[in-house]
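Got a structure here, written out as structure tokens. Questions coming.
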Amino acid sequence: MDTVLSATPIPAGFSPIAAPPGFVRFCGGFHFHDELPIIGVRIGGHLLNSVGIVHGGFLATLADTAFGLVFKRQFGLDVPPVTVNLNLDYLSAVREDDWLEAHVQVLKFGSSFANADCQLKVGDRVVLRSSGIFTVWKGRRPMAG
Amino acid sequence: MDTVLSATPIPAGFSPIAAPPGFVRFCGGFHFHDELPIIGVRIGGHLLNSVGIVHGGFLATLADTAFGLVFKRQFGLDVPPVTVNLNLDYLSAVREDDWLEAHVQVLKFGSSFANADCQLKVGDRVVLRSSGIFTVWKGRRPMAG
Amino acid sequence: MDTVLSATPIPAGFSPIAAPPGFVRFCGGFHFHDELPIIGVRIGGHLLNSVGIVHGGFLATLADTAFGLVFKRQFGLDVPPVTVNLNLDYLSAVREDDWLEAHVQVLKFGSSFANADCQLKVGDRVVLRSSGIFTVWKGRRPMAG
Amino acid sequence: MDTVLSATPIPAGFSPIAAPPGFVRFCGGFHFHDELPIIGVRIGGHLLNSVGIVHGGFLATLADTAFGLVFKRQFGLDVPPVTVNLNLDYLSAVREDDWLEAHVQVLKFGSSFANADCQLKVGDRVVLRSSGIFTVWKGRRPMAG
């Protein structure tokens, strides 16, 4: 276990996210940078697909989760905005043990919509370019009960 | 347990997929229709997000997986084509215990690209509209070791 | 002129659109099917790009215009809904003199959003697959003066 | 004419593009920055839609054209790469007489694909966020003759 931990350190500035029960906890191990709009995760073997690289669905999950976390922190929301559209361009493969970062940039936070970009990176290499459209809910929880 | 099983039957015509180790097995429980290009899954609580509906990342995973499975069966591929782009429009929420189906339609299977649409449905209700662009690999495994 | 006209007939069932001044009139020659959600146009040389096929920007214009026209007629709107997102997959080239059709399918017309698909076709060949997200305005003109 | 010219100056650093016959010349008036990957255009009344703002199809045309021009200059291509996908998020309206700029950033220029982002801006305001996927042709003209 010591060996595993020393082989996969978390970079300075990132703190683990207390994920709620459900899919994000299930995916496991997301970290939020304390100041920057960046989510990081160390890639485990449970995130791979049938040809041994990270599954595209996990990369979509990371981008979608990163959008929500950044919107919540940046605009003081209780719940993340609702995703209306995700567009994902896969540029390069991600492999086991990579430290993968999601860099979010909010472009608009309007009365009806919010728009943002997210690049997933391993080091300086962009592995996925994504953008999202979101609906901002005000004063009530979306689609609850 | 009997109660749970009887509450969540798998519709006739679907057979469970022997998922490889990794993210799809981790998500769990995909079924492939024996004749039609449809993947089905019964929604478990581990697929929800923080507001109690199915996580958008799981829906992306289901769409991406459904594209790959249909391409493999329809064109006799050993490995699924590589995803170049996924575009996902979220139309409606999916809830625990829903039987969710991914309906795939291949639009093009060319020498360089393949294009397909996928609608996720709960009954007749479209909950997600998606499309994908894929690269078709011929004669070798993509990005292998 | 007789020759040109006889070489480029408009198929039965289509009527010319009285386009307002501006970009659509500038592009020229859109026809709306009298019953079906289909817009048709005969391709002129002014719509080509530098390699002699139809410019991708014109195909985007046709798709966007077709979405608006179908929404207006199908839901009795005074003005078309506002486009929030367009996603366009280019599958095949379109050439001068082709009769090009935009086939629209509305997937959702909700209180906040509308979603639709549009396939551009030359005969049975799909040359562009597109989807759009729109905001439905109620009781006032969007972004007017 | 003097009045018109003085009312619509072209900012320093931009030179008019000698557009080939066809749709881009038809749209009219694109300018390329001499050093930066930016295309600019002064908005004329022929680019508006039925509610008096710039047509979404023209914004798509500008983005697609800007991608092609930047790829050609940056990588010394004879013809622009072929567009495989365009994704367009409309954030804000553009009006007559606005000076509109397309800012392109190339993310990848690989052996099979190229990926790029493009933001359309009026001053500092982002009015459209777009991304594109392109096929790079080597040694022959795409889809010619």
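A, B, C and D are the chain letters, set down in written order, and residue numbers restart from 1 in every chain.
Following the convention adopted for this analysis, a residue touches a chain if its C-beta (ideal position, glycine included) is under 8 Å from a C-beta of that chain, and two chains touch if they have at least 3 such contacts.
Computed from a predicted structure; not experimentally measured.
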Looking at C-D and B-C, which one has the bigger number of contacting C-beta pairs?
C-D
Equivalent interface to A-C (more than half of contact pairs same by residue no.) among A-D, B-D or A-B is B-D
Measure off the straight-line distance from the CA centroid of chain C to the CA centroid of chain D, and report it in whole Å.
21
Between the Cα centroids of chain B and chain C the separation in whole angstrom comes to 31
Which chain D residues touch at least two other chains?
84-85, 87, 89, 113, 133
State the interface residues of chain D toward chain C in the complex, per the touch definition above.
20-24, 26-27, 45-58, 60-65, 79-80, 82-90, 93, 141-144
Touching residues of chain B toward chain C in the complex: what are they?
85, 87, 89, 91-92, 107-108, 113, 115, 117, 126, 129, 131, 133
Chain A residues touching chain C in their complex are 84-85, 87, 112-113, 133, 135
